[in-house]
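Below are two complexes that have chain A in common, paired first with chain B and then with chain C.
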Partner chain A sequence: MDRRAFIKLTAVTGTSAALASCGNPENQIIRFLPAEDIVPGVAVWKPSVCPLCRAGCGLTVRVMDAEADVVRDGQPGIVRISAAKKLEGAPEHPLNRGGLCARGQAAIQVTYHPDRITQPLKRVGERGGGRYEAISWDEAISEVVLRLNALETSGSQRSLAFFARSGASHREALLRQFLARFGAPAPITYELFGDLVLRRANGLSFGREQLPTVDLANARHVLSFGADFLGTWNSPVAQSVGYGQMRRGRPGVRGSFVQVESRMSQTGANADEWVPARPGTEGVLALGFAHVIMAEKLLPASNAGSAGRLIGGWNEGLADYAPQRVEEITGVSVARIGRLARQFAQSRPAVAIVGGPPLAHSNGLFTALAVNALNTLAGNMGQPGGISFTPQLDVSAAVKADGPAGAAAPTLAQLAGDGTASGSTPQVLFVDGANPVFTTPPAWGVREAVEKVPYIVSFGSFLDETSVLADLILPDHSFLESWAEALPESGANVSVASVAPAVMRPLYDTRAMPDVLLDIGRRLQRPLNFPWQTFDEMLAASFGALRPATADVDAWTDAQGKGMWSGTLPAALTRQSETTPGAPGLTYAFEAPRFDGDAEQYPFHFLPYPSSTFLDGSLAHLPWLQEMPDPLTSAMWSSWIEINPATAERLAIGEGDVVEVASTQGTIRSAAVITPGIAPDIVAMPMGQGHRFFTRYASGRGANPMEVVAAVTEPTTGALAWAATRVRISRVGPPDGRLILFAGGIRENVGQGR
Partner chain B sequence: MTVAVCVAVLATGVACQYVQSTAPGPATIRELPPLPGQTTGVFTTARPTFGAAVNDFLNRRPEAQQPIEFPHNTHVGKGVMCEFCHEGVDKGPVAGIPGLRTCMICHDAIATDRPRIQQMAAMRDKGVDLAWQRVYGFANEDHVKFKHAPHIRAKVECTTCHGNVAEQTVAQRSVEHTMGFCVNCHNERKASVDCLTCHF
Partner chain C sequence: MPRWGMAADLDRCNGCGACVVACHAENNISTVGPDQAAMGRAKHWLRVERYWEGDFPDVRLKFRPVMCQHCDNAPCEPVCPTYASHHTEDGLNAQVYNRCIGTRYCANACPYNVRFFDFFNPSWDKPLHLQLNPDVSLREVGVMEKCTFCVQRIRAAQTQVKAEGRGLRDGEIQPACVQSCAPRALAFGDLEDPESEVSRLSRSPRGSKLLEDVGTQPKVAYLARLSDV
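Moving on, here comes the complex of A and B:
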């Protein structure tokens, strides 16, 4: 083709393309009457509660007019709605005090996600195939009622199981009531990074089976054992507010901060001193500090009280934990142990925090008890700059619900392992906000166990690895479309109960899960006789029992306007923690942590850690979070394996190289990130990616570290010891574009992260 | 020759008065079949057609086609204030085009024998709103942030920018909102002419 012909051809094709693009008469847009009065262009701020983690931060939501595509009577059109546009932290909320983490900011995308389930669905085709057809709410609820009636008729109410999200709330209290009234065991609330071990240790040390509230704002020195308290652990926003105050909120005083961990976290990167200890030996280091403090009489040993008595040899000055031996076990030098111990004892008030990887070993309980003892030695329990426990509202006392007490829940491992916990395999399984198929090690066989259940109902708004197995999906409202509430476990010295009405009308044909439960309860052949018709009646009963903050308005009205109630709880309404008492006189001593895989064949410790964007993977469907660079590696839209530079050089692994991680459980492949912030014998990988089914943004992207994690547990709690797997790594190929870095990378190749 | 081709293409684009608004969304990566009721398109800032792009580039907009011949003249003549129906005008950035609900505040009782009012009452019963089309407004590419409320506070008459609506039925674009038009008035009234006052 010569130049002239080419130009002619271009002219012809260009003109026809332009012609093809016009002349179509614009479709007449149908506008529907809005259901509410809206002043255009004027923003209204309404309170809500962040649902993305257990912290329960208060939100303030900017609501403005918007246009929504809707279908009414089969006719597509546009309607003006008032829609939530932006989330911010509520300035007056006692936990987050105006702050909101990046995950909370992205929560707005839950409501507007293009892959949200918009109506009740019934499975067609094989289970797990993801093919569903729309059915009406009435049909869907009748179907559930039929199944539950069948259980009742055959006397097998106990074979109803419920996977629920963890954390105290009115929703959870209603769920417990539902199950207890029906005769089923309590809900199974498995959470991968769930701090079960720390709660149990706090029960033993302090009689409170609860996560601690750390008064960082008033502390002069913070010693953290693995707790990523500024990133993902416990109540990160409340802790960040306190941390900011500690570091530079007091003129002339800057608190010091030492982080003990074997992989540098976002929190560790902020520390004055970063101390890597061998995995599973952090408790020994804590007692090494206690030994030095007692030996040098820096603080009286009698301070430690009951928490100290749990540690073998405490009263004898911890002879087994002399610095020399501690150095042998932990790898931290004698001189450093002495210096850090003196720093801890001499800065008053000083506080120690423990959480995360140190507790994810077979000896995690000992580690937590050791740090608790160190804290009491510092005399900081209940003191400014120390540890306290937030009083929590006892919902069943507040609403005066005296239904039958429910049977204890089986653990997930029991359920999957042999089905003995509740007598047999569940016949009906409800799933609400939990995705255990993704977050458990394959050896637990959760997927296989779930597949065996004859009938599964999901309340989820998205298809994930667990809900894709469901036979029926009853989609919940998003948190902005329904009552949002939480009873925070930690983060404030006073009791806090967050609650807020819906900030906008539901976009789709969804229903609030608590109201669906109440509806099912009414329609059963033996109705469950709840004292409330709707969920807000329950909330009103509960908040009505609280003391009003001001004389002229009752607590319920006040709480709805502010988005929370906070104050002092009367003893009768305070939740008594269900403490599992230890055997009297039982003491704990260091036992070497048990690892899966032998050290010869699998030379590296494998550390899956909560992703600063996706936590345990439950947020991987939000594209803003996929797009957010990891604060330490700048990686996004992908997963990666962190390797120490010395290790990488020895194994000839370069940045971005494809690496295979093999354990006794299986193998996964991912890209290498070479970072000095990790010990040479450890490789780490963030949780969150590697979803098989989780919306268009997360499906088939990266790898799931749980696929190589072994089923080692902490024996007293049965909690998964997720840091107790050994692996070997090998380079399998050069960089293939799957690692996407914000710094210096090409951002347009996000499709290659899959 | 090349120039001729470009001119031809541009002219064709300009000739287009209408743009097709329902472009199929790009294919998306998904593991599962789409669920009933689920959208599959992905939002894109690109223009749906070449013609739309050219029109946009030349700031050409089709004449607004209104669902009914709304008589501004009658309403203004009866002394209805602008902000009664355009209620956002003194509160926020946009004045707002009123929906059927606003009309029926009065017309449930007034002039109920007129066919157009009866037609509107029927629409309301069917739950359908009036699909007004916008008459004024800036293109996104102009990067203009116009806010009504400050202008109302500065006592700028509505007619300054919108012409004499009392003589119009449906609103016509009788004043061209060029940058010169804005700056002249700002200069006369000694309002700020800093770039960032009006532009992002």
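Moving on, here comes the complex of A and C:
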């Protein structure tokens, strides 16, 4: 008798004995035989890739046995499965080097979330009502194929639209291929805090339309303009690793750090010097520094090269940005401008970073170009302690895809605007990992535009504001149940391609979205003829084209074991940055930022900012993150509005009071948090809460700041200038118990609870 | 016999809170939900404290991760009538959950506010329970819980090196918070070993202990942010 047969026998006899002996339902639980070999109590570690933001950090996942509730042949019972238990940063990953942020730690709750969609669903009842019925995969895919065939028959392939998550990956490359082969435009990848402006600026300054990799570890001085680089911006874990090194990793050397911003971010709290500047004037300050550096001949002006030539008056020493004028515009004193400029020029290497609110204004492109020029003036491009660009794998080249090039995607604003920009309203809309109904200003009318689409398919694992409008839901596996991969845009000075096979078996009747696309492609009346039958064939083709790490193992095998490939890319496989060239000879000068709402009626700048826990709100469904105290306020499960103490006193607003925020777009209410880390004429609010539909943990909690944000854009990119709305605030009532703080007072306060 | 301690370099710590969630994930700390959290019943064995100084625009904010300080002269221990709160031979301030009768004297005595009472049985909306760490016991209603320095990881490592017939390497044991920390602000190890990283950091001229003057003899050293010295 082998082990399996023995267990089978004891399981059967044990169960029948229990059934016979007592009526306690606990003892009647059916234990099914596991489908995999598991040694109870022994942990194994498997690589994976964090899916929560674009950074693409490597994970190692602790996998052990666990007992899952299942139904087999209509019989409920439990089965022992291999289950992910804990996510850790992969120690050898070139980005995160063993570290993992709070959000990444909580990513495991995506897989085990109680409100995950467990099988294909078809809408019943009104659209948006959230009522669905179960449907088989076969029926579901047939329905999609039918719709796409109808588009093909009527020659309107272009009216297929796709909302996708942004960020380079094989998944994204496959999706582009799918759309191009079908004849539809490229996917729409709107991201609220999406750095579009910075990419465009980097394209103009450096010929690379890409986010920068900042070598913090080797920098002696860091000058950051609004970038929350230790919290939410770019590649925060890689940057935190570098930050630790910068501060304390070199004997006898401690890098210094200055942050320019008007609301103290988690990153800004760590600065040696915190410099508030008026919103939308950060670029002027950067050029003020450059002016001083050139005037005092601390660094040669010729350093700045093409990045400098983009700035009007650069070669004349930036006469328009003399400290006196810069003080008038930015509110930073002449003496301080001089001192900070000298510090920047004399600490070598020094690096400037720009991101976040300074670029979320109508003049954001100028601000980014100004900081780029300052960086090149410091001569730090491609140098240790400076800025570089991570070479990225060109998936199409690696897999030798020879399909047609797709048409450009309309922007979300165009799509929603009047439906005319791309010809007409889409007839079929696919949604994957994006929730633009939640993250766009109401004036864009995205919700209304989506509602007009006759047929919507979502690949989401959860019902959110966008996917609740779907007619059909084809739920994806979680990242732990399928191939996880990413092609990081920044964070390392070598090329990195993260990839890992499934860590555990799927818990539910879900399917990997790339495989569903390939399946649909096969079943169309005009099949799309992909060279791969499954997604892993595509991955194998791509990684197979890479240089092996060692002589005795190929790159694909090696990458799966390690969770990533990293090394030098041959030129043929390196992604060529799509650069939008500027007009020759065009220079940029400061223009006052444009705000929505006049200053009389709306005296405050409104700053919605990426939440430390929820980013743009896409992570509000994870209970660990809801209950994690916010780093700056200690708030949990809450929405709040940050107000300067002097302002609060003037308006008779107390901590926790309910405050109304009104803009030209609408009003929202939330609790006041009174904090000294914000300018008196600014009020700030984290994104993330205010979901109407987003699981039991986030639905109906707090307010969504986007509801008052106006549709001001940065004109060259069309990116939303999310910091360009003016508001007025007023107290509407005493605390309503909805602001929950972890800190302060004696912990047990039953009487003060709601 | 080792003596476990920790060092937190506040010049590296940037307040991100990764350690807070890592601790939840490792130690089966249940979330209590908004209603209970509003009553002050949220449990965070490790928290990141914030200290604001000054007024706008000359404002500063300092972060400080605070967990059980595993005091050598722990005020929580002598007040426990059942010896649930006690000192282990290797210097951990341990809590035996099934001895605890929930007097909460220890929480009253602790000057660091790092002990958390379970006001109800923990629950996880299924299948969130699949994530639970089988190496860490669940705490039921009426029990006090707190940071253990991830004792399960300490014991697992000790068992492992014993089986391999070798000694522990410095840094081989990483509590969950230490492991998650990207800027490497936290270090854990044996304070008896003068060469260990935690010993070296604890001797730093930037070092101090939290509320040291109340005589608790804490085993967590905090290294000041340089600009604050």
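One rule holds for everything that comes next: the second predicted complex is superposed on the first by the 717 of 754 C-alpha atoms of A that agree within 3 Å, B and C clash if a C-alpha of one lies under 4 Å from a C-alpha of the other, contacts with A are read in each partner's own complex, and residues count from 1 in each chain.
Basically, a residue touches a chain if its C-beta (ideal position, glycine included) is under 8 Å from a C-beta of that chain, and two chains touch if they have at least 3 such contacts.
Just so it is clear, the model here is predicted, and its values are computed rather than measured.
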Which of chain B and chain C A:Glu88 touches, first, second, both or neither: second
First (chain B), second (chain C), both or neither touched by A:Trp274: second
First (chain B), second (chain C), both or neither touched by A:Arg696: both
Which superposed partner A:Pro114 touches (first chain B, second chain C, both, neither): both
Touching partner for A:Gly41 - first (chain B), second (chain C), both, neither: both
Chain B versus chain C as contact partner of A:Lys400, first or second or both or neither: neither
Partner chain in contact with A:Gln266 - chain B first, chain C second, else both or neither: second
If touched residues of chain A are counted for chain B and for chain C, the larger one: C
Partner chain(s) touched by A:Arg339 [first = chain B, second = chain C, both, neither]: neither
First (chain B), second (chain C), both or neither touched by A:Arg31: first
Residues on chain A lying within both footprints (that of chain B and that of chain C): 41, 65, 69, 114, 696, 754
In the complex, chain A residues that touch chain B: 4, 7, 10-11, 14-15, 17-19, 21-34, 37, 39-43, 65, 69, 72, 77-80, 114-119, 121, 129-134, 463, 468, 508-509, 692-693, 696, 699-700, 751, 754
Parts of chain B lying in touch with chain A, wherever the complex brings them together: 1-2, 4-5, 8-9, 12-13, 15-22, 28-33, 35-42, 49-52, 54, 62, 87-88, 91-97, 99-101, 124, 127-131, 148
In the complex with chain C, residue positions of chain A that touch it: 41, 64-66, 68-69, 81, 83-89, 96-106, 108-109, 112-114, 230-231, 236-238, 240-241, 243-244, 247-248, 254, 264, 266-267, 269-270, 272, 274, 276, 507, 612-613, 623-629, 631-632, 634, 636-638, 644-646, 675-680, 696, 701, 737, 740, 742-743, 745-750, 752-754
In the complex, chain C residues that touch chain A: 9, 11-12, 14-18, 20-22, 24-26, 31-35, 37-42, 44, 47-50, 52, 54-57, 59-63, 113, 117, 125-134, 176, 179-185, 226-227
